[in-house]
Amino acid sequence: MGLKTKAEYIESINQMKPTAYMFGEKINSVVDNPRLRAGLEATAATYELAQMEEYRDLMVTESPLINEPVNRFTLPPGSIEDLVARVKINRTLGNWVGTCHQRCTGLDCLCALSIVTFDIDQKHGTNYFEKFREFLKYVQKNDLTCNAGVTDVKGDRSLNPHDQADPDMYLHVVEHRDDGIVVRGAKAHQTGSLSSHEIIVLPTRALKKGDEDYALAFAIPNDTPGLIHIVGRSSLDTRELDGCDIGNIRYSKYCPTVIFNDVFVPRERIFLCGEVEFAADMVVRFSSYHRQSHGGCKSGKIDCMTGAALTMMDYSGTERAGHLKQKVIDMIHRAETLYACSLAASYEGKKENSGTYFIDTVLANASKIHEGREMAEATRLMVDVCGGYVADLPSDKDFTNPEVGHLVKKYLKGKDTIPVEDRIKLFRLVEKLAMESADTISDIHGGGSPEAHRVTILRESDLDKRKRAAKRLAGIDE
Amino acid sequence: MGLKTKAEYIESINQMKPTAYMFGEKINSVVDNPRLRAGLEATAATYELAQMEEYRDLMVTESPLINEPVNRFTLPPGSIEDLVARVKINRTLGNWVGTCHQRCTGLDCLCALSIVTFDIDQKHGTNYFEKFREFLKYVQKNDLTCNAGVTDVKGDRSLNPHDQADPDMYLHVVEHRDDGIVVRGAKAHQTGSLSSHEIIVLPTRALKKGDEDYALAFAIPNDTPGLIHIVGRSSLDTRELDGCDIGNIRYSKYCPTVIFNDVFVPRERIFLCGEVEFAADMVVRFSSYHRQSHGGCKSGKIDCMTGAALTMMDYSGTERAGHLKQKVIDMIHRAETLYACSLAASYEGKKENSGTYFIDTVLANASKIHEGREMAEATRLMVDVCGGYVADLPSDKDFTNPEVGHLVKKYLKGKDTIPVEDRIKLFRLVEKLAMESADTISDIHGGGSPEAHRVTILRESDLDKRKRAAKRLAGIDE
Amino acid sequence: MGLKTKAEYIESINQMKPTAYMFGEKINSVVDNPRLRAGLEATAATYELAQMEEYRDLMVTESPLINEPVNRFTLPPGSIEDLVARVKINRTLGNWVGTCHQRCTGLDCLCALSIVTFDIDQKHGTNYFEKFREFLKYVQKNDLTCNAGVTDVKGDRSLNPHDQADPDMYLHVVEHRDDGIVVRGAKAHQTGSLSSHEIIVLPTRALKKGDEDYALAFAIPNDTPGLIHIVGRSSLDTRELDGCDIGNIRYSKYCPTVIFNDVFVPRERIFLCGEVEFAADMVVRFSSYHRQSHGGCKSGKIDCMTGAALTMMDYSGTERAGHLKQKVIDMIHRAETLYACSLAASYEGKKENSGTYFIDTVLANASKIHEGREMAEATRLMVDVCGGYVADLPSDKDFTNPEVGHLVKKYLKGKDTIPVEDRIKLFRLVEKLAMESADTISDIHGGGSPEAHRVTILRESDLDKRKRAAKRLAGIDE
Amino acid sequence: MGLKTKAEYIESINQMKPTAYMFGEKINSVVDNPRLRAGLEATAATYELAQMEEYRDLMVTESPLINEPVNRFTLPPGSIEDLVARVKINRTLGNWVGTCHQRCTGLDCLCALSIVTFDIDQKHGTNYFEKFREFLKYVQKNDLTCNAGVTDVKGDRSLNPHDQADPDMYLHVVEHRDDGIVVRGAKAHQTGSLSSHEIIVLPTRALKKGDEDYALAFAIPNDTPGLIHIVGRSSLDTRELDGCDIGNIRYSKYCPTVIFNDVFVPRERIFLCGEVEFAADMVVRFSSYHRQSHGGCKSGKIDCMTGAALTMMDYSGTERAGHLKQKVIDMIHRAETLYACSLAASYEGKKENSGTYFIDTVLANASKIHEGREMAEATRLMVDVCGGYVADLPSDKDFTNPEVGHLVKKYLKGKDTIPVEDRIKLFRLVEKLAMESADTISDIHGGGSPEAHRVTILRESDLDKRKRAAKRLAGIDE
């Protein structure tokens, strides 16, 4: 036990036997499927960096729960320092993998549970917190990766869970047994679910009386019987499968829909069951942490995109063009804005009843509002700087074609001192950074819809204080 | 001869024998290759609509050159009405095909040539205009599609054409013969080159003394010996090839790199050769017309994206959400802005020496500056409205899988009254609209780089008039 | 009769005896009050240009109603050319006066009335159209300026007119008499009411059954008994009064609140009275025309601001700074966008039942949406380019102070070749362009609130057509 | 000695005898001039809050230099906590005064000097640091306010200081004496110079060999002979002077140009003299601190503007309008963004050689880039929410006019339950918040030009790290 190496992590995933489908076919080995493997490698980077001299201090700390060194991706924050480390790790990893590393969502669930289970117990006399801590010990001791099963498929958005024509559109209990419960439903956009040892389920929205069977939180292994992972399509998905024109030669991302087809959850793994009034808190905590995480990893991704843009300028002979430098500045500014908001949200965090530290929600949501708009803008700027070949670069297979390969290479040459192969590789990376749907669309919808972030900052801000200030200056008596 | 039906057009393309490669393999039949065919179908729509009752009046007019009805895509504008029709046709087609129809670039070359060849002859006593008119008659009588060979691959961007380490980085004459010239080089981003009968080449930039061999304009069939079309990769390129998860079930886009590997151009098809001082005018005319075209087709594409967003709201039960309506308004506003600028550029056009009408360049470039930013924003808004399944929707192959197909469909259901298949199809279309690189990146780089559009409006605006107004109001004597 | 010279216009205003207050004191002479005079001069420019060789053709045309040359500011458009002329005149004037010329609102009322009175008569058999035409003849023959009494003060915005605690918060009939009506209420933001011969009143919003007494349109002289003009404060209002540090040495703007304190309106001047269902049409027509007008005058104002920015660059030695040129481009782009949308709205206009031409409302509102955001941005850019002295430039009185005047001038010197006085005047103009509230706030609220423009483009767009296009491409049967 | 009360502060300013002019006339008493007094009151708020129970802990701390409690506005930061306190105090004050409190610039000079004087001494063996510490003790013991004399008037911007036609366009030494130096020049935009006890001068730009006489830093009392304060005009400047329609009834801002007309500076007050290579560091340190300060005070001002907007919604009956809530969210988001960037810049600060803590410059500049754009946008949003009366509200003098006062009040009534006087006061405050040039233009130009902030984040970012990340992912060997 203890910290896993990258190899141990991959082997541990290899030991699991999840039920998974992609393009209508059953997946026999996650580890050997090139597309899933590229996603797995991104998560594996969180293990790899924890072993690297340069990053170990950032990534590893001692857990007060098990009194052993743990990867911070298993650690609910117990201090401001812990909160800040989350953002810095994510920025480092975003730049390192150039995509989503897919290990933050599970941690964000752990963080949320470490606060809310305590509060439920306080009110209801339940023992969720103790059960959760046992689970957390297991996660920490085995350096596990968890997945966040939050987003239900939702059916008709205008209807509440129990008003849906099909009651399964939100995950719910279909059978209460002595030893546990049986649940049914589906969770969408399950980033890295097959790279995760455990699936942690939380409610996706506030719930009301009548929704008791939907008020659910629990954790189960990703290969629990009845769990079915459907790996959907993303825009560049056949590239890894074909082993050609991959772009990011190391990492990628995938986000299955996970169907819970009457899955048994043992009692000791249930962390919320029926206490509807805590559903909102659960989802608010999770999504606030998750928005904080994004401020780190997405600024890191912009760093990487900025590097790509700058390198392309070096390769194409445009490195002195003033208007391109302005665009690079615009990219940097966006990265720093996301980062600053998440960082400030962390430094301004506060201790909750359970001892876990929670971030400032207004600042965390301020970061996500920027992400929802500005990642698209940063991407556009990168494409603007890099040029039109992001759209239609010939394939590596063209370059090796005996009849035309030499011609294609001849004409893709940029600056004379730069090998054409490097310029080609860089274009391919830019394409991946810009056009990978699984990654780019999470900029918009990851961590809840853009509107949710906006509503949150209105709700969480002290509006009366602002009104009082205005009235005082206007000379209006209260 | 005369107007071609859609079938005749496709058959005429089928008769051509271009040298083409895709993914390192030679393409034997353009018409039978599903990916190229989807592009071809988009161009075919320009023939189809010309035959449809509803659109004929918009699409077809009589050419004063041949005194026969012609498709407007072969007609340099001879009036303000002609200029305006260009924009309206493009908007209609953009909405109709939901992507680029790929026939405007060739027309924009014809328009540019119809002005500049006349002016060269006036100065140099050459006979380019007459040769061009003969070519134009041929195009009109046969209702041909032309391609714009404008964008050279450019090598080191900081160097002039004749200063490049490899002189072939800009297309140039390598041999002058009595009956014509032999040219070498390559043109990038040749939208629909294999759907075009003719490739029209123009210079890509202003040229100076010393660049004479680069000052070139001509037209040749797409299967001229030595021409090699390399069909590059775009983000969703394997979808059509696999015949699955296509999204836009009718149309797509592709943009080869076309290599001119010592290609002979007969004398009667040469429209500029050595008159360097006209290169700038040629490219400015072409790109101004092309920016005008974009204002039409891209607003039409936003129309289609708006329709997709509104339909998704109907399907998911979010049609009454105020914040989504605001986003739809933002989409409409962007479409109307592109359209208005192009339309105004057209109405404010002026007659040139040759009799062709040219648009107002400031207004045309104003449209393109908006496009360069706002198409990305419109796309982001569509994705925001439609939700996260744009990123990772299960494949059609999953839906037909006997073990899990019914479950996948069950959980992708939106509003109860809407067949799940329709919602799935719509998500797939949205993915195509948002994530097709060949299409979306032309929003940024089509018609020249964003900086080119900006520089143009500064250069073409009357700055002194503005200064005089300010000085008069400030009370400053001139 | 016939076209008035500038001097005749001013004298005609001088003949009127309106009841007016400013800063709590009664105004005895509009013409002699320096602040009102500066506004009057702006309107006078519409007379002056009509007499100038350079602009006469643009400003003057023959009215088919009176078969005499008229100033276009008295002419409801009878053709596309007339619609387009409106925009071009406004752009010319915006650049010429560097502020609002204050004569468009009345014309926009005339335009609206020339359509709606006809339609009311068609339905109700009334004779509003004839009465309106008589009034219009009078306006044209005497080259009068009219003011638009549209914006009611509105009281509690959440309540309908007849639900207000005080029934006078929307202008309404308090007495019906044989020879006319007596009205009570107040209209806010009455741009140039004291520079206008006539006040034209329209409803400010859609009305319903029960609001009959609020459904009102009429015209009365600005000095009708009971009319009280309260000239409110604007940010730089004491500058003209003090005759110092004026900035724009020629023109300014003012916008009284006009109180209708039981004002009698003779029957022949009533153009709507009780037909509630036409109130909405009246206001939509007026505000659409007015939004079109703004696209002209505000782009003209940006022209003038651009000229000020460029001149300041010349004066301060920054004329070669690349980043400042980029900002100038951003300013030009905004001007062209407003202009293009208004121009396109005009060219795409259509003939109404009465013979008047109406603009395309979607495009006109697209222009105003840009104005609401982009005028503030253009202003910010101008200030950015010009520098901090816009905020705190010493007074002209400091420059003439014998002890310190020479020192202040010494230190305000920019480029050695430019007289310091000119640089000082230019800073003062920039301050006026940027900080005059009466002018800048109409960018946001003129022609209805920003939200009104947005709602309009949603309502007026063909959403079903867009949906059909998306469904067809997705392969969804209707 | 020790902390001054507000009254003591005002009296201490009253004791000074500066030479000051406004509108061409000599100012005899700063304290009794209503316009200057309103600025003085804003600075006085920094003293007042330090005495208030609620804010004392935030505002007051013990200085390790004098081992006494000091107002934080005299304390160069000696810890991360000190850096963070700067931002929080500024946000609190921005909300409290609704404008600029004018005491941060002097502190930012003290901060810069506390770092750079130490470094100069290290290199040159000078004793600037000791002299500076003596000055700082004096400031702390007497709780003084200092002013930042940084921005030279600059003359021709394309020329270096010593290349100007008039060598005085940048402040410089004109005489070296045994006991000190005599300096000549002028500093523009000297926010609150007459509310400050001391004027601290720093260079305004990087300097080179040949500029030795321009490399200057020192501190002198604001009434030193030869110092002339010219209080320039700002947009609402006559309101306080007239005592009517003031808007913010408590506070305002003014920014003189300060002329150094051969001013003697004693040797012990000189902190830089001729060491040209430190000029850049001096200005970078100062402006970075100042940009950090702005992130606090300007977010506080947005808080106050948000309060005004929300209160206006309450008063006008629009508090439930969804689109207005969206605008309020946009305002809050901007405030939080400025705040987050400044806060993050503080938490990520580092200790310098002298022991002073310096902020992260990239994050501080990221804040200022937002400010330069977003304050204008926040202001526009406030005006949009509040309505058109921001432009042209009748004067208080109209309300008290016996003939029309009751009518004006009648028609300005909003919701029935709200006294009309309160709504009027609120409109007036909004006008002040939106249209006060001295305050709003510092959003753009305060702390250096917008371009300076952009160049800084490019220069200070680790671009190579970003490039390396991109190359690694693209598979490019370095």
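Which chain is which? They are A, B, C and D, in the order written, and residues in each are numbered from 1.
We adopt the following convention: a residue touches a chain if its C-beta (ideal position, glycine included) is under 8 Å from a C-beta of that chain, and two chains touch if they have at least 3 such contacts.
Just so it is clear, the model here is predicted, and its values are computed rather than measured.
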item	value
If a chain touches chain A and chain C alike, it appears here	B, D
Chain whose Cα centroid lies at the greatest distance from that of chain A	C
Centre-of-Cα separation between chain D and chain C, whole angstrom	37
Distance from the mean Cα position of chain D to that of chain A, given in whole angstrom	40
Distance from the mean Cα position of chain D to that of chain B, given in whole angstrom	51
For chain C, residues that touch 2 or more chains besides their own	323, 326, 454
Arrangement of touching chains [line / ring / star / complete / other]	complete
Of chain D, residues touching chain C in the complex	21-26, 151, 153-159, 165-166, 168-169, 185-186, 188-189, 228, 230-236, 238, 242, 244-245, 254-257, 259, 261, 316-318, 320-321, 323, 372-373, 376-377, 379-380, 383-384, 387-401, 403-405, 407-408, 410-416, 431, 434-435, 437-438, 440-442, 444-445, 449-451, 454
Interface residues, chain A side, partner chain C - complex	322-323, 326
Touching residues (chain side chain A, partner chain D) in the complex	84, 95-98, 247-251, 303-308, 310-311, 314, 325-326, 328-329, 332-333, 336-337, 339-341, 343-345, 347-348, 362-363, 366-367, 369-370, 422, 425-426, 428-429, 454-455, 457-458, 461, 463, 465-476
